[in-house]
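Below are two complexes that have subunit A in common, paired first with subunit B and then with subunit C.
And then the complex of A and B:
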């Protein structure tokens, strides 16, 4: 499932994923994604989540996702134009599997990450205990004040000079149990 | 009831979404057929009668605009509802001018609303 409100980018991502032999459900808003999750016969193996959506931000989306035990175990890749430490921390604490900056990755590289998520889902079906663990992280959600303040985000400004690597992932976050 | 006899053709290349719509419409008693691209839809329309066409715009092989163009005057016999992630006003005007009855922006339209609109068609 791809959740991205820039429709041209959504189309490009969707096309690339389909060329990689993945079935895709494309969503241009957070509410659309939640509506589809409620109605899909089979849940997606992974979610590509743009942080800034026109109807909600990534944090709100993750909070809804994690409140539903059936959705809580779906691995989420957060793709954003900015990544303040607080924003990354909050998303990973809510259960996002990885958080990356758009500027640091080519589309091909992000597709490869999604491919890995999908492969992991295929090789390890999620036991009920794992779902409960994911859901449990909601209780430890930190304060989200200042999360959307892009002006304080220095990582975005210097991202081009940095080596290409994830901003962080769930394994780096001591608050997140994977 | 006449409603339950409506035959719906879903033209959508995203299989999971097409299947979700199919299940919801079947649950309402409609007869549902799926096509994953525009050409497949036209082939089906050539051989059988449909009451409602749920048409995605961006698809491989043949897109929704081309389907409307090929259908031409046939759009007066089939209620064509376009469903798209494209939200430009020009896209809406274009498909309505080509004979579509309604244009739904997917991100603003819950699946239940689509089912309601099909029921009313």
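And then the complex of A and C:
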């Protein structure tokens, strides 16, 4: 899942993730992302979160995410154009896996990071109950998310991509839902 | 003790001692005089006594002659008589020899005696002609005559004897009188000498003391600030000269005093009219002077009231980033640190003006050092509230603008990346080339934005300093490893040499790492392929000194003084390496200096460049801040 309010950036990252054989749920606002999470049949393997969103900031999004036990285990990559120690510290304290500066990374580097997240969570020894409930299903069931008002603005971006094939083992299968 | 006497007493004392010496001399002379009189007397007495003695002998001889004539033994009467008379004559001669012929009395007595002796001896011889006595009647008559002559002679001798005796006594009395008179004269001379000298001394002293007193009084008036006083003393002696010098001195003093007065008034005018606040603090930390601007800044209605108060009690100063609302204590105020250290300090304090309005006041405190001792501190106060606000806004604007630039830059960067990766289909070689150019320029722009952000962070002072014990060798080795690809690409030879006993030092590895990184990146960039680059780290005094040397292009002499300026890049650097922001050295200079170190370089065009920078051995001071260099 990509939560990014900058349309062009959203478009770029979505395209790149798709090219890397991932299913992408693109969200142009925080609220839209939360709605998707509520309604999706299957939870994403990882979330790309822009710190500054038009309707909320990364902190409040993370707080909502962590209140739901089912969502709490999803690895979050925070991407921002500002990385003050305070923000980084707060986000990591709330459970974000990594905090990166947009302009400092190439897309393929970011894809590699997300890849790592997904393989880590798939091979993790499932300590939290949340991951245990859908670790298998997320990987196996390709989900198509509904279309939203805001998402329709850029139809090719906000659509959730389907994986090319079912995923049986996340560790050595590149197909993921992001 | 003598030193405590007045000049008059000293002079009198000196003269009294002189009098005693003179008197003693006179006494000695007198004594010698008396001795000589006595000697003369002794000589005289000697003669008289011999005379008296001769008279005595004469007397005895007369008696012997008479006895022999009147009471003869049997036999040789005439013979005996002749012998006695010969003795008498000898004694007479002896007497005559001792007679002082210059004395008329003695002379006449001697003539009388001599006549009588002749008569007497003729009579005696007449008694026994041819050795037989005369007939008794004649004999008897002659004997009567002889006895009579004897009496006359005896009385003559006695008279002479008494006369001489009398003479001796008179002479003795005269000598005694003269001795006594001498003694009195001595005492009188002594007393007179002492009196005259003492009086003289007092008079001289009086003259001296009067001159000195005149000078003393004049000096007193000058000391009291009355420069009109002039000492009138036209004499040519030392006092006259002293008075002249004193008058000159007084005139000079008057001149200086007037000049000082003018300078003082001028200073006062400057103090009051200058735009900055001014406070002068004494060496004990009390306020000595405060101008109206300073009083306005600190809202002090009557500046006279705070003069004499300790600086810390004059008003309440707070830390510029006051959070606790606790006024700063004495020791944390720079004025007191300057008094203790003698070094200039420049700090900004917060002052709460009426209505809790915040006012930032910059205090530049400079020591006034006289003969190595800080005697005063001059504080210049400037209201920097607006300045700081404008500065903050500028920094904030740069920060905001830079952050905002990152979003479109990310979009360009990523789309370029996808274009070049063929994500939108394969590109023609020229298309790929163009896309690569866009990509490179974007990267440069991203670096520029990053550098701008870092500068705004350093300038705003919001940067966080988080020192931790750091092994510099490890730090540099890590940085060199990150640069490995570049080093290999450029076939450079890089040497790291770290002093063996270098301790871990307490620094922020991100900040100091940035310094090494920038210096090394520059060395790599501005050294031709196959160049030599070396890093040396050692200790020098209380500093850790790092050196980064290359044998590269160097910095042109004419541009060396601008090398640490913002956005400046040397002409040869721009030519050989288009890539670069001109912000790196500016940034690391700010980092090094804010860590209490120094940075400098030596360079020769075509030969290479060496940069040195120091970090204090005691390390960096921790600082809470909002940002780091790479945020």
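The rule is short, and it goes like this: the second predicted complex is superposed on the first by the 126 of 178 C-alpha atoms of A that agree within 3 Å, B and C clash if a C-alpha of one lies under 4 Å from a C-alpha of the other, contacts with A are read in each partner's own complex, and residues count from 1 in each chain.
Going forward, a residue touches a chain if its C-beta (ideal position, glycine included) is under 8 Å from a C-beta of that chain, and two chains touch if they have at least 3 such contacts.
Since this is a predicted model, take the numbers as computed values, not measurements.
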| item | value |
| --- | --- |
| Partner chain(s) touched by A:83 [first = subunit B, second = subunit C, both, neither] | second |
| Which of subunit B and subunit C A:106 touches, first, second, both or neither | second |
| First, second, both or neither for A:35, with subunit B first and subunit C second | first |
| A:23 touches, of subunit B and subunit C: first, second, both or neither? | first |
| Which superposed partner A:70 touches (first subunit B, second subunit C, both, neither) | neither |
| Touched partner set for A:44, first subunit B, second subunit C, both or neither | first |
| Partner chain(s) touched by A:13 [first = subunit B, second = subunit C, both, neither] | second |
| Residues of subunit A contacting subunit B in one complex and subunit C in the other | none |
| Contact footprint of subunit B on subunit A as seen in their complex | 5, 7, 10-11, 18, 23-29, 31-32, 35-36, 39-42, 44, 55 |
| Interface residues, subunit A side, partner subunit C - complex | 6, 8-9, 12-13, 15-16, 19, 81-86, 88, 101-104, 106-108 |
| List of subunit C residues in touch with subunit A within their complex | 403-404, 406-411, 413-415, 417-418, 421, 423, 446, 449-450, 464, 626-628, 630-631 |
| Residues on subunit B engaged by subunit A in the complex (per definition of touch) | 13-17, 19-20, 23-24, 58, 60, 85-87, 105-108, 110-111 |
